[in-house]
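In the two complexes that follow, chain A is the common piece, with chain B as its partner first and chain C second.
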Partner chain A sequence: MRLVVHNMLQCHVKGCNSNNFPLRLFDVELEIHEIEFNPQFLQSLLPKLDWNAFISTANQIGITSLPQTLPEEIDEDFLKNLHRILFETHIMQGKMVCSNCSHEYPIKEGIPNMLLNEEEAEEEAEVEAEAEED
Partner chain B sequence: MSITPIKAFTEHDTVSLTDDKKEQKYVHDVYQAIAPHFSQTRYKPWPVVEQFLNSLDIGSIGADIGCGNGKYLGINKNIYMVGSDRSSKLIEISVSRGHEGIICDALNLPFRSECFDFVISIAVIHHFTTFERRFAAIKELFRIARPGSYILIYVWALEQSNEARRKFDKEQQDVFVPWVIPADKNNQDKKEIIYNRYYHLFKKGELDELIESTGIAQIVKTDYDKDNWYVIARKEGSENEIDKK
Partner chain C sequence: MLPTPNLDHITSNDYENVYEPAEDTFLFLDALENDIEFIKNDVNPCICLEIGSGTGCVSTFLGQLLGDGATLLLCTDVNPFATAITVKTAIRNSIHLDAITTNFTSGLLPRLYHKVDILCFNPPYVVTSSEDVNSKNFIERAWAGGIYGREVIDRMLPLVNDLLSSNGVFYLLVISDNKPDEICERMWRDYKFQFKISASRLAGREKQFILKFWRNQTCM
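This part shows the complex of A and B:
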């Protein structure tokens, strides 16, 4: 799992609705898999990220070469470094922990498992039925 | 090719099962069992989906909910796609091909609200056994999409063409559709195995109604394609100015 994907994830345990993003990373094993650098693609994708969450997450796994705020002028060196961190760095093993409810989601062989058991999951059908009764 | 017999999904088969247990037995367990064989037969992208993906702005990030073996995840090199599926076996196949995959449930997606520039869900929603669950799944697809963004959904149609391999009884929307693993593909005991998968076949207009009843979608295109109904819908709300570059 790349950090760009982690930026999209939140805790979805029933009732866990605040401070559930970003998920904190622990016990991570990283691998670098190189892929082609596409600066125009990266620059277009950049505004879609929650930059604060991205920086704090990168810091958690020892990546401290990125600025706290997005610079006004984005040069090729900046993009190349970002490409490395965002697209070439893979979390192969580890766990993601919710800062709010402490639920742990495992990452194995690069794949996060975000399945919840029955008690933890939102009962969507019940939620709908309750909404109709209001 | 001979016509595959379709059984109606009657109460007799599932009398004591809750909705999620029905889906566990007739959807999730089946896909886990058939994953490698299923994946071998899912390789040709459907043109409509391909065209949708190729029309997106450079730098778009999107989700494929129920991505299976990741068939659509690498189509457009100028966008970034995340695949999610309930089947860990299919996600493993998808990831082995270099794609991003997450194991999760489409009724309860682990994504932030409004974080994606587009969402696709191809041949997935028809596996949910009740109206409420299908509606909840559609609401999740829209929840994770940015205002003003597009969502593409495909579901199997009750109305099948004459060239279709299967013939459905027009009165029966809830059915078992068999998946046959031929004897030579079954490494274990060299016998043919048949798995029954649950489907809710959609009538014309049914998917549109489901989407419209979210109250936050505008249908942009609705059509019939290769024995499926599909809809492209736009999520309400103003376009973020960054979308147009």
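This part shows the complex of A and C:
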């Protein structure tokens, strides 16, 4: 699971509605898989990232080369570093833990598993209502 | 014409656990290929999402059409065998994509709210009893659509409204039994989505359609 994907995931246990993003990473095993650098695509994706969540997550796994806030001027060096961290760094094994309810979502062979059992799962209708409030 | 993604890494054993690409899958590829200029120029997708990716054939193909690394390709499937194979199919075809084992988009909303530019769904569409929809067998879950084959499709429709960006497009495979007119009417009535038939084919006894939906901009 790449960090870009982690930035899109939050806890969806029934009733877990605050402090459920980002999920905290534990016991991670990382691999680097190179992918072609595409600065236009990266720039178009930037506004969709939750930068604070991304930085705190990168810090958790020992990556501290990124600034706390997005710089005004974005140069190619910045983008290349970001590309490496966002798109080339894969979490192959580990777990994601909710800071609010402590539910653990496993990551195995690079794939996160967000499935919940019936008691834990929130109704889709409730998620829609929350999304509309944003 | 781009060739179908290479699936030779998938064994007959694997096909006991994941839906094997068939006429419906290939119709989906046709629709995407026919639309590629529109997708590249008018949509210029940043985030693509496929629900129920199965072998990953459709998203891998989309990745090949757009060029590796040109967009974020996300795939979900409720079947962990499927998400594992989805990743392998992409790698086999030199495409990078991201797979998440989850039910529909659970865990991805609200983060993906109004952010998905290309949304693809080849649903379980076969008319069956309601019980079959929740089968313990993943292959059955891949095709059992319940009453009018619509039970899973109907759960997806409201999520489309949450997920699609302002110029995003939703591609949905249906058959005649699913009452596509009713689906289109509902999408217009409830969410003001415009629609057209992107591709169709007679496959044996089934008439299959790829429906394409997008937001009516003038209403915004």
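The rule is short, and it goes like this: the second predicted complex is superposed on the first by the 122 of 134 C-alpha atoms of A that agree within 3 Å, B and C clash if a C-alpha of one lies under 4 Å from a C-alpha of the other, contacts with A are read in each partner's own complex, and residues count from 1 in each chain.
Everything that follows uses one rule, which is that a residue touches a chain if its C-beta (ideal position, glycine included) is under 8 Å from a C-beta of that chain, and two chains touch if they have at least 3 such contacts.
Just so it is clear, the model here is predicted, and its values are computed rather than measured.
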* **Partner chain(s) touched by A:Asp77 [first = chain B, second = chain C, both, neither]** => neither
* Identify the partner contact of A:Met114: answer first if only chain B is touched, second if only chain C is, both if each is, neither if none is. => both
* Considering only touches as defined above, state whether A:Arg2 meets chain B (first), chain C (second), both or neither. => both
* Which of the two partners, first being chain B and second being chain C, lies in contact with A:Asn38: first, second, both, or neither? -> both
* Asked: So, does A:Gln10 touch the first partner chain B, the second partner chain C, both, or neither?
  -> both
* Asked: Which positions of chain A sit in both the chain B and the chain C interface?
  -> 1-2, 4-5, 7-12, 21, 38, 41, 44-45, 48, 50, 105, 109-116, 121-122, 124-125, 127-128
* Considering the complex alone, what residue numbers of chain C touch chain A? -> 44, 46-47, 68-72, 74, 78, 80, 83-84, 87, 96, 98-104, 106-113, 115, 155, 158-159, 162
* Asked: So in the complex, which bits of chain A are touching chain C?
  -> 1-2, 4-5, 7-12, 21, 33, 35-38, 41, 44-45, 48, 50, 87, 105, 109-116, 121-122, 124-125, 127-128, 130-132, 134
* Structure fact -> Within their complex, chain B touches chain A through residues 19-20, 57-61, 63, 77-78, 80, 82, 84, 86, 88, 91-92, 95, 100-105, 107-112, 115-117, 130, 132-133, 135-136, 139-140, 242, 245
* Parts of chain A lying in touch with chain B, wherever the complex brings them together -> 1-2, 4-5, 7-12, 21, 38, 40-48, 50, 105, 109-116, 118, 121-122, 124-125, 127-129
